[in-house]
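The following pair of complexes shares a single chain, subunit A, combined with subunit B in the former and subunit C in the latter.
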Partner chain A sequence: MPDAPESADATDDAADDGIEAGVDRPGGSGLGAAAGAESPGAPDRVAMRVWRGDPGGGEFAEYELAAQDGEVVLDVIHRLQATDAPDLACRWNCKAGKCGSCSAEINGRPRLMCMTRMDELPEGPVTVAPMRTFPIIKDLVTDVSFNYEVAKTVPAFSPVPEPPDGYRMQQVDIERGQEFRKCIECFLCQDVCHVIRDHEENKPRYAGPRFFIRFAELEMHPLDTNDRRELVRQKGGLGMCNITKCCTEVCPEHIKITDNAIIPMKERVVDAAYDPIGWLGRTIMRRHKRSAEEAAAGGQ
Partner chain B sequence: MSEYESHQYDIIVIGAGGAGLRAAIEAQGRGLRTALICKSLFGKAHTVMAEGGVAAAMGNVYPEDNWKVHFRDTMRGGKLLNNWRMAQLHAQEAPDRVHELEAWGALFDRTNDGRITQRDFGGHRYARLAHVGDRTGLEMIRTLQQKAVSMDIDVFMECKILRLLPDAQGRISGAVGYWRATGEFVTFTAKAFVLATGGIGKSWMYTSNSWESTGDGHAMAIWAGADVIEMESVQFHPTGMVWPLSVRGLLVTEGVRGDGGVLRNSEGTRFMFNYVAPMFRAETAETEEEADRWYDDHANNRRTPALLPRDEVARAINAEVKAGRGSPHGGVFLDIASRRSAEYIRRRLPSMYTQFKELAGVDITATPMEVGPTCHYMMGGVRVDADTEAATVPGLFAAGEVAGGMHGANRLGGNSLSDLLVFGRRAGIGAADYAEGRTGDPEVDGAEIEAIVAEALAPLGRNGGESPYDLHRDLQETMQTLVGIIRTGPELEEALEKLGVLRERSENLTVTGGRVYNPAWNLATDLPSMLTVSTAVAQGALARKESRGGHTREDFPAADPELGKVNFVQRQTDDRGPDAPIIVSPEPLPEMPAELRQLLEEGQ
Partner chain C sequence: MTTVEEATVTAVEISGTRGGPDVPTLRRDGWWVQPLVSATILIAFVVYSTWAAFVNKEYFVGTASHRDLLSPFYSPCLVASCVPGSHPATVITWWTISPALLILIFPLGFRLTCYYYRRAYYRSIWLSPPNCAVADAHSSYSGETRFPLILQNAHRWFFYFGLILNVILTIDAVEAFREPGLGIGVSVGTLVLCVNAVLLWLYSLSCHSCRHLCGGQVKSFSKHPIRHKLWKLVTPLNAHHMKFAWASLIFVALTDLYVRLVASGTIPDHRLF
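On to the complex of A and B.
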C-alpha cells in the first residue's frame, strides 16, 4: 500500500512484540509526533492532526477548533467537515458504537471514532489516521472489501431439519454464539492483526480474527451440520495466528476473540491422528451437533 | 445505453436494510437475477441499530397471544389510520418470518423451555418482542446479510441512487447513481425495482437516525409520479438522550421501560399516570402498585402507563418539560436504577449500559437517565398495494420504512422489524411476479440520464455559492422548530415558505474538492430528497387539521372522526422532479371488513 500513514506505527510495533502491547496506550507512546506538535492552546481549544490523502500519498493536516463538552472524536471530525475541511472523508452511521463504520487509528490505537471521548484522551493534539491494514480510498476511508471477500468463502449455516413444533435451544448452549454475533464488523481486529498488517501477501490465505469468530460461531451453533474445520485450517490460515491477543484487546464489543474462538478452534482442527487430546476435545465439543442425516433418521 | 458503467438485472433492490435484504432473498430465491444497492457499506444500514426487538404473536411467553390481538394493538396504536389489510398480513405472518430467521442462523434469547423468548413493549398487550438483548437489529441484519451472501446476490455498496427512470410506457425500468468511492456514475436497468431506502429523520436536528435517512426513496418515488400517503405522520420517540449535546437524539430503547424502567419528573413523580387518554383508560393501571404487579402478572393487572404508545408518552414528556418539571438538560428522568438490580440491567440492556457509560459518563444501574423526544420513524411513505407492495406506478415496489400505510398515524415499537420481514418478502414476490410477466428488455432514455448527471455535478462546477452543510443545518432547524412534535397552522405555513427559500438556495450550492469520497458532495446530492420530503411532511401536516398519533396540532387538539376516514395522498402530476409542486388530496381509507372491525372493539 503506498504511503500508509505513519501514525500507525505504535500499534504495529506493539502487535509484533506480543500480547498486550500497543493497545492500552491511548496516548500512543510511539506517536511522539503528537506530543511534539504545537501545544493545544487554551484548554477550551482542541488540536487535531488528521491524515488527509489518497492512494498516491498524503500527510497529517493540523486543525484547531473550540472544545465542546462531552464530544467524541467523530463529533470533532463532523465539525471540521462543516467548517475547515468540507471534503474530509470518513465513514459513520450510528454514532453509538453499533454499526462498526467509523473505525480509525486514534493516537495510534485502532478504535471507533464515535465511542472515543475527547476528554478521555491525554492532552495535546489528537491524531486520527485511517486503518493501516486496508488500502486507502481517501483520508480516513479505506477499502475494506477484503473482508467482504472473505465472508463469501465461509460455508453457510446449514441447520438440521426443523421439527414440527420448532427448534428448541437452551440459553446456555447459545451464549457463546451470541457473544460472537455481537460483532459489529468494524474490522479493527483485522486491522491490528500483524499477520496481515503490512503483510499484503498473507491476505489471500488468511481469514483473520473477525472470521475466526465467524467460523467458531458456526462450529458451536447447536443446529448447524456443516464441518468447516479443514477449511479454516487450510484456506483460513488459522495456523498463522500465534495468539498474540491484539485482536481481543481492540474489539469494541469486548469479544474474547482469542480465548473463546481462536484457541478452541485451534484445538478442534488439529489432526486427530497426531493429536489425541485435540481429537478428544473435538469429540466432546461436537456432541451437541447432529448431522442432517442423523436428525432426519431420528424422526424429528 | 450510455457512456456510463451499466448493469442489467431482473430485479434491483435499492436499500440493504432489513426490508431490502428480505426482498432480495425472495427474488433471488425465485431464480431471478437480483442486485442490492446501498449508500453505506453492506451490513451498516439503519436496521443494524434497532434495539428492542421484533414483534410477532408467537405466544411463547403468553400463550393467549395471537395475530388477532396483535392486529388490534397495531390498529389502535395507529389510531385506526392504518391500511387494515397490511396490519392483518403483518400480524398473521410475522411469527413465520421470525422463525425463518432462526432457520437462517439467528440466535434469539430463549425461554426456559428452549423457545424464543419475548419482551414487553409499548402498546403491545402481551410480551411479544423476540430479541437478542438490546441488539436485535444487528442480529437481524447479520442473519439476512449472511443469507444473501450465501445466495450469491450481487451487492453494490457505497453506491447512491439519484433517480428512477421510466421507459416509454411509463414503467420504471432504470436508475442512475454514483459510486461514492470514485464519484463515477453508474446506471442500472431492470424489469422491476424495489425501494427499501428507510427513513427521513436527517431533516431534523435531534434524531435517532443515521446520515443515510434522507428520504431518498420517498423523494425518488414522488419524482417518479408515485403516490405517497400520511407524510404528516412522523414518530418522535419519547426517549432519546438529551445530554451531552453531541449525542442529543440518540435512542434509548423502549426496552428500558419494557424491563421495568419508569419515567419521573423533577419532583420524582411517575407522571405518566396523569396522561392516560380515554382510549387507553380501561386497559391501563391506575396505581403504581398495579402497574408494578403487571410486569409479572399480565392476566390480573392492567399495563403500566409507562408503556403507552409512543405518541402518548412523547406528548406527556413534552408537557412536563413545558410545565417546568423537566430534568436539568431539558428532558425527564428514566429510572431503572432504583427498580432493577445492576446485574439484571447489564444483562438485559447491555448496549444501553455502555452507551450511557461511555458517552454520557452515567451509570444507568445507579443513576436515572435524562431523556426527551427525538425524531425517530416515518410512518408515511409510498402508497402500496397491501398484498404485493406495488406502488402506483408500474415496475415500482416499496417495503420497510419507505412504504406507508402499515403503521397508520403511529407505529408500535417492534412493529418495524417485523414489517421489514413480512413486507420485504412480499415485495420480493410482488416484484418477481411482475418481472416474470414483463416482456422485452427494459429501456431508458439517455437524455434523461445526462440531465440527472449534470444536475448532480452542478455544485462541483460552481464557485462562490453556499456550503451544503449550512443549508442542511438551516433545514434541520426549520423542521425541528416548525414541523416538530407539536404543530400549528401558522408555523407550518412559515415552514413551507422557508422550505421554498431553502429550495432556491439549493440551486446555488458549491462543493470544493473532487468527486472521490467527498462527503460535502454526497450531502449536496442528498439535499434535494430532504427538501422534497420535508415539503411533503409540512404539506400533509397543514392539511390534517386534527391531532392523531404522531401528528399533533395545537390548533386542532382533538381527533376529527371525519379525518380519521381519510389518507392525505400526495403526488406530482404532469410536472415532476425536485422543482415541481406536490399536490395533496384526501382520499378515503380502504374499507375494513366487518369481522376485523369486530376485533377492534373486543376487550375495550
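On to the complex of A and C.
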C-alpha cells in the first residue's frame, strides 16, 4: 500500500528495543573505547551531526565516537557531554520513553532520543536537531511554553453534581478515553504538525493534535457537562487540521490521534455546525448548543 | 549557588528564533516515494475514469452474449440513450450526454470528501505537507476553514448517497448471475462484479462518518448499548479504511475495464459453472 505508516512501525521497534537499551548483550563489552567492535558487521565508529546554537544562530557540529552495543541516541548524546561537548544542552529525565522530555528530530524525523536505537538508523552520520516548531533555548533544548499556554485555554472537566451515592461510571465509558490518557506530553505531534510548523502565524488560533485529544477525551466523558464543539471549531482551529496524520505517525505512545480524536471531533463539529438535520433536531427538541464563549467559561 | 528566589524565570516564548537549519527537511529517507505512488495512482484513476465516462459505449454486455454485465461507472443507467437492456423501465429523457456523468458525481464526491483520500491528495497532489516533517509547499495555509474546502464537511451526505449506489451495484452483481438464454451461471464477469460490490461495501462501512453515525457520536456508550454494538462492529473495519479505499478504487476501474473489454469483443467472458 502506498501509505503504510512507516514510522509507526519504526517507533514500535524502538519502544520494544528501548527496554534493553544500556544492557550489555553477550558479545558486547560494556563501556570502553573499543566496545561494539566485537559484534560482527557492526560499525565501530559512529558519526554524529548535532545542532549547536541558541537564539543568536547555530550550526551542526560534527562528532565521531566509538560505537557501543545497544545504545540509543540519548546515550550517545550523554557520552558526548562526558567527552567532546560538556556544554551540549539537552533535556531528558526518564530514559524510558515515559517523561516526554527528550524530543528531538533524528535524521529529520521527530522522535524521542531515548527510544531511538542507534542500530536501527541507516549508516552514515546521525543528524540530531532540536524540535523545529518551538523557539530554541540552546542546542537541543526548545521552549515548549506554547503548549502550556494552549493547555490553559481548554476548559477543564466539568462534571454533573455528585449524586448522593457517589459518581459511577461503566467500564466501557472508562475504556473509551483511556487511549488519550497515555499521552506523555512529548509534543512531538505538535512539532510535526505542519499547521504551525510551517505556518507559525497560525499558533494563536490553533490548539494542535495534543489538545485535540484532550478536547476529545472531555467530549467523550459521560459525566462532563460542557459542550466544547464551537470552541474547538472557532478558537481551537480544528478546521485547520487537514488530517494528513503526521501526528499519529510520530506519537511514541501510538495514540491514534487522527482516527480516534481528530476525525471524531470533526464529525461532532459537523453535527453542531454543518449538518442541517442536527440543526433541525436541536430546534425541535429545543436543545441549546453552547457558544464558544459559553464553553470557554466552563461550568454546567 | 543559586537559590530559588534568585533563579530567573524563563520568559514564555510562543514564537521566536527556531533551532535547526532553514531547510525544507532533514529527512534522508525516501520520503518522496509515498506521495509519488499515491499521486500516480490517483492521477491514473482520474484520467481513466474521465475517459471511460465520456466514451459512452461498450459499458454493457447483454443478451446477445448471454450475459448481464453493467459497468459500475454507468450504473444505474438512467437516461434514454442507455443501450437496450442496461436501463430500468423509466428513464430521464432530457439528459443527452453520457449517462455516466449523471452518476459519477456521487462516488466522486464521496471519495473527494473521504477523510482518507483527503489525506492522500493533500499530501501527494497539494503537497501540504508532502510528507511528515517535510515543508509545506505553500506559503499560506487556512486548512479546511474556508470555501471551497469547508465543503469537506458534507462528507456524510455523500456517504448516504454512496449507500444507495452500493445497493444498486449489489443488485447489478446479483443480476450478473443471469445468463439470458442459458439460465443462471457464474462467469468471470459475475465474480468481478461481486468482488467490486463487496469492496465498495467494505469501503463505505469502514468510513469515518459511518463510525461516527453508528455510535461514535454518543457521549456515553453504556447508555446506548445498541449504538455501542454497531460502533464496535464498524471500528475494526475503520482501522483498514485506507486499504479498502485503494482496493475499491483500483478494482472499480478494473471492473469497468473488464466489462469494456468483453463488450467490445476483445476478450471472452469465460463461463465457470
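Simple rule for what comes next: the second predicted complex is superposed on the first by the 227 of 300 C-alpha atoms of A that agree within 3 Å, B and C clash if a C-alpha of one lies under 4 Å from a C-alpha of the other, contacts with A are read in each partner's own complex, and residues count from 1 in each chain.
The definition used in the following text is that contacts are C-beta pairs under 8 Å (C-beta built on N, C-alpha and C of every residue); 3 or more make two chains touch, one makes a residue touch a chain.
All values derive from a computational prediction rather than experimental measurement.
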>> So in the superposed three-chain picture, is A:Asp259 touching just subunit B, just subunit C, both, or none of them (first/second/both/neither)?
In response: second
>> Contact-wise, after the overlay, does A:Val192 reach subunit B, subunit C, both or neither (first, second, both, neither)?
In response: second
> Between subunit B (first) and subunit C (second), which does A:Asn202 come into contact with in this model arrangement: first, second, both, or neither?
Replying inline: second
>> Is A:Ile137 touching anything from subunit B or subunit C once the two structures are fitted on A? First, second, both or neither.
In response: both
> Is A:His221 touching the first partner subunit B, the second partner subunit C, both, or neither of them?
Replying inline: both
> Between subunit B (first) and subunit C (second), which, if any, makes contact with A:Gln170: first, second, both or neither?
Replying inline: both
> Looking at subunit A, does subunit B or subunit C touch a larger number of its residues?
Replying inline: C
> Which residues of subunit A are in contact with subunit B in one complex and with subunit C in the other?
Replying inline: 137, 139, 143, 148, 169-170, 221, 224
>> Considering only the defined contacts, which subunit A positions touch subunit C in the complex?
In response: 1-3, 6-7, 51, 53, 55-56, 58-60, 105, 107-110, 122, 124, 127, 129-137, 139-140, 142-143, 145-146, 148-149, 169-170, 172-173, 176, 192, 194-195, 197-200, 202-204, 219-222, 224, 237, 239-246, 249-250, 259, 263-264, 266-271, 273-275
> Contact residues on subunit B for subunit A in the complex?
Replying inline: 40-46, 48-49, 99, 102-105, 107, 109-110, 113-115, 132-133, 135, 137-139, 142, 146-147, 149-150, 155, 157, 181, 210-212, 243-247, 250-251, 351, 354-355, 358-361, 467-470, 473, 511-514, 516-521
> How about subunit C: which of its residues touch subunit A in the complex?
Replying inline: 10, 12-21, 25-29, 34, 37-38, 41, 115, 118-120, 122-123, 128-129, 131-133, 135-136, 140-145, 149-150, 153-156, 208-209, 211-212, 216-217, 219-223, 228, 238-239, 242-243, 246
> Once bound in the complex, which stretches of subunit A touch subunit B?
Replying inline: 54, 68-72, 75, 81-82, 86-101, 115, 117, 137-139, 141, 143-144, 148, 151-152, 156-157, 159, 162, 166-171, 174, 177-178, 181-185, 218, 221, 224
